[in-house]
Amino acid sequence: MSSILSQAARSIDLDPVRKFKEKGGTVIGYTCSFVPVEIFHAAGMLPIRLRGINTESLNIGDAYYGPFVCTFPKALLQQAGQGSFKFLDGAVISAGCDAMRRLDECWRKMSEDVPGALPPSWFYYLDVPHKPQGVALEWYQSRIRKLIQALEEKFGVHITDESLHLAISKQNKVRTALGELAELRCLEPAVVSGTEAFEALIARNVLPTDIYLEELDRLIEEVKSRAEPVSGYRKRLFITGSICDDLELVEQIEAAGAVVVGETVCYGLRNTSPLVSDTGDPVAALSAFYLSGSVCPRMFGYYPTRLVAISGRIKRTQAQGVIMQNIRFCDLHGSENGLLERDLEKLDVPTLRIEKEYGALTEKGRLRMRIDAFLEQLEKSRPPVQEAEG
Amino acid sequence: MRMVAGCDVGSLATKAVIMERRRVVAAAIVRSGPKPAASAQAAMDQALAQAGCGLSDIAYCVGTGYGREKISFMNESLSEISCHGKGAQFLVPSARSVIDIGGQDCKVIRLDAKGSLVKFVTNDKCASGTGRFLEVMAKVLNIAVAELGELALKSRDPVTLASMCTVWAQADVIKHINARRPAEDICAGVNAAMANRVAMMANALQLENDICMTGGVAKNKGVVQALGRIMGKRIKEIRQIDPQLVGALGAALFASEKATKN
Amino acid sequence: MRPALKEYPLDLLFARTFQVAQKLGRSTEKERAILLQSVPYVSGLLGPILSIGQPAITFLELMADYYGNLINAKKEGKKVVMTTFCFDPTIFYAFGNLVPVTLEVGTVITSILWKRGSFDFMDFCTEVGFSETGCSSQRGTMGAYLSGAGVEIDLVAVNMGGVCDTNSNAYSFAAQYLNKPFYGLDYPSELTPDEVTDYHHKDYRALIRFLEEHGQCRFDIDRLRELLEEKKIQDELTNELEEMQRLVPNPLPGIFHLLIYAARYTNSGSKKFTRMLREMVEVVRDNATNGRSGMGQTEKCRALLFYIDNFSFNVGMFDWLARHQVSHMGSMLSRFFPDNAPYRRDVSGTCFSIDTRSLDTMIDTLADINARMPMTRTIRGPYDAPNMWLEDSLSLAKIYKADCCVYNGTPGCRNTWSNVKLIARDLEKHGYPTHLVYADAFDGRVESWEATAMRMEEFFKIRGLL
């Protein structure tokens, strides 16, 4: 297990990020998987996907958001208000879902009351269409070009096709390595725990690429050389649904006696295609990858494509059950989970739907009971009731 | 064959059942205190006293319920979903579906012919559709929860509660009290609101016959009747024991299997 | 959902109800009084609506036509398109063989008409896997179409991508559940730049290709021109009503808003809708000439509902406002932004114009209309961006001399609940006392109408508005 990956996955305030800043680096926060990180890498900046972990109170989040809203953007707003994102030079809020896109206004308005809560140099709103093809893809591409232009103007940098190609090929290396890790998770008996793998997946969103790639390669080599499989698990489970960077959830599932072998949640693997094309127009390649390859239910009318992708991954991981979670008020995943439940069960894949709050705000006891019950359900083959001896 | 036990530490009540040769020999229900370990001990002590034996006579004990991990004397713990399914099918062998409404949550369970879990859903989003909802409404009506069901059966013109939210439903109940609607009509309205909520969950699971109800709320005939009517299905009553004990009974049955195997 | 409900075809029920109700136009006062006694369940609604006079009867005729078309669609070889209120239906009528069914209109009718409202249909959606926290405005009748209690749907075409997730998500779920073709128009977060207009136009053309392919039809250009020319007249009449609303007291009865937008969502471009508007203009003009308020009593205060109305049983909110002598200055649902509307003054350059010169200009017109439909226009971008929620609300409040603003919506509205506290704060800063209603416009189970009314009372009294 890599302690660097583990630490990166469990804290917002990170040593490597601090060092990057000390050397004069620019750090940009972003909020959704529709933001191509290659653009920032190409400009020599460090993109960090913002997280709301370890949020204990939502007094700031609730002051600006209404009551019927998902706790994830509220947790981000809370952290921003508490000063946890002071390391940011800029931030991009993208139109992921309605609650997330309104983080733009909530954050700006909150910073009128909490001076200094807004990143000092740059605060940008990125429009992302809700269709993966045709005129929507053209639009997204034009938005990405606008984003690049804005970044160049604001920070006086020059983002060339060449630098984008370099960034793409480096991120593709990360994708290849993560693909390898995903393949290792498909092995039975399991050789890597879901917790370890999820740590690695989360850390990707917050660490400088060179450090991350080195740690990831080391982890993969170490896993490959393991003599013993993961001990004592009863079932292999897969996680789908709302945004999740909640290691506690994975730990809880594994503590109940399962091994988590894959997930399609944000912060995990969220894309159907393995790599970004590294030839031709880099912006076109990035647009196609980020917009057309996502499995996010915000792309309305494309459930059939997602079902094929998700059920394919479930099959490949040899999962015996699927935990479909959604954060309360996340209608997109809430109802997609309803469709997935119907369709996966047709394929004989048992599912458990759970609605919860974001991360640490979830009530753990009841969640554990349901996970236990689900595992008991999967172990149907309990010995039949026998008459006690007379 | 020595005796086995099941202990169910719920949010509002803690239950213990002692069985010998798959027959219930003792059972106890105590109100859950702040410490699950102490509640479990109290319920078990009561049951042991009833059975006239000590903890050392218990060959195997399965714990269940919200506070199950804290039970000091158990050999193993299982979820209350499995235990309610197990217990219900023991009492009603034809049962394929179980609706368990406890103090703070509601579970709907589907079983196969062997009593194994096929699928389940739970509601623990809020108090509506749980025993807590009834408790709050009974308090507003100034009657005991136990009376809600009996009173409701006398109603000829149930009120409609606009709200399902526990907070707003209280305001609704007060409105009806002020309008001098008879208590039985309000009780029937409360039960129907509760049943509507549970029926939605039950329908989501496409319940098969036979259906039985467990948990404290199963004692409320008004809710049981309303639920059956809304779902268009008959609900089989559990008569042999207090329906609140079914989880503990299921745990004891699992304990009995383990004891036999060991 | 109670199993028995599946035995009552919903559209047939509506069609028959409106077909019978429209005949009330030929009844005498005495006959009506007897009727109201024998239908205690709907008399609370029918009474106030009939008191409006002729426009109400025409409205009932319009709804009878709409549901009549729907139940006869299959017999006549037509296809049924499931769509949303903010989708201008003209395009469907321009195709000879498409009949729209607008979920939100059905939800409003069930919520207003039935004491148990549309709860059963809402719950059915949850039972089949749709998120319980999704907007109730679709769920209220979506359940009927998913369960088979409504007519069979052939395709789904909507326009809320980029505007409202929960709306788009509901239709996308329905299409998937019923296994029907789906097309969703999508909107950028801005309204006026040329590149945005270009996006609107291109996306709309792709929609037409979808309708042609899956509806197996081609639309009739002459018919489209005729419909658009009729819409011009309708907009002019609506503008006249809007202009008269600027008078103090406001001569327009609050309930007219509901009738106008419901008719527009379902019957845009129809001659009968024009007739209803003409009849309304007459009523309102008469009130205006005589200095009467539309409420029939003195106007104490003017309230802009800067989101939507409330459709609880018996149109409680409309009634409450009138009883408290508060003029209903319209909601977001009331305004469509043609470029000759009186409220265009502060928002010029953001409206649509109807251009029937060629096929291309007509298609562009339809795209422009759709891009400015309620919500589609106003809540697509940051609320404080140009031409968005704050600017529109402030300009409407100013033009209509509102004394206060009221937000009423549904808890399912992730979009507005994510910034309504911010806009409320801004409206207050601009001098408008602002009240947020936490109820569900379509689902009385969230907060009973009595509780909502109590809080409204509190707000209007404490803020010195009454």
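When the chains are written out, they are named A, B and C in that same order, and each has its own residue count from 1.
One rule holds in what follows: a contact is a pair of C-beta atoms (placed from the backbone, for glycine too) under 8 Å apart; a residue touches a chain by one contact, two chains touch by 3 or more.
Predicted model, so just to flag it, every value in this text is computed and none were measured.
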item	value
Taking each chain's C-alpha mean as its centre, the one farthest from chain C	B
Maximum inter-chain contact count - chain pair	A-C
Whole-Å separation of chain centres (CA-atom averages), chain B against chain C	45
Chain A and chain C: spacing of chain centres that average the CA atoms, whole Å	38
Interchain centroid distance [CA atoms averaged], chain A/chain B, Å	39
Residues of chain B engaged with two or more neighbouring chains	none
Residue numbers of chain A (touch at least two other chains)	328
Multi-partner residues of chain C (each touching 2 or more other chains)	128-129
For the chain A and chain B complex, residues of the former touching the latter	328, 350, 353, 355, 363, 365-366, 369-370, 372-373, 376-377, 380-390
Contact set on chain B toward chain C in their complex	160, 162-165, 168, 171-172, 175, 196, 199-200, 203-204, 230-232
Residues of chain A defined as touching chain C within the complex	63-70, 73, 95, 97-99, 101-102, 104-106, 109, 125, 127, 129-131, 134-136, 139, 142, 297-298, 300-301, 303-304, 326, 328-332, 334-335, 337-339, 341-342
Chain B to chain A touching residues, read off their complex	1, 21-22, 66, 77-82, 105, 112, 114-122, 124-125, 253, 256-257, 259-261
Residues of chain C touching chain B in the complex	1-4, 115-116, 119, 123-124, 126-129, 444-451
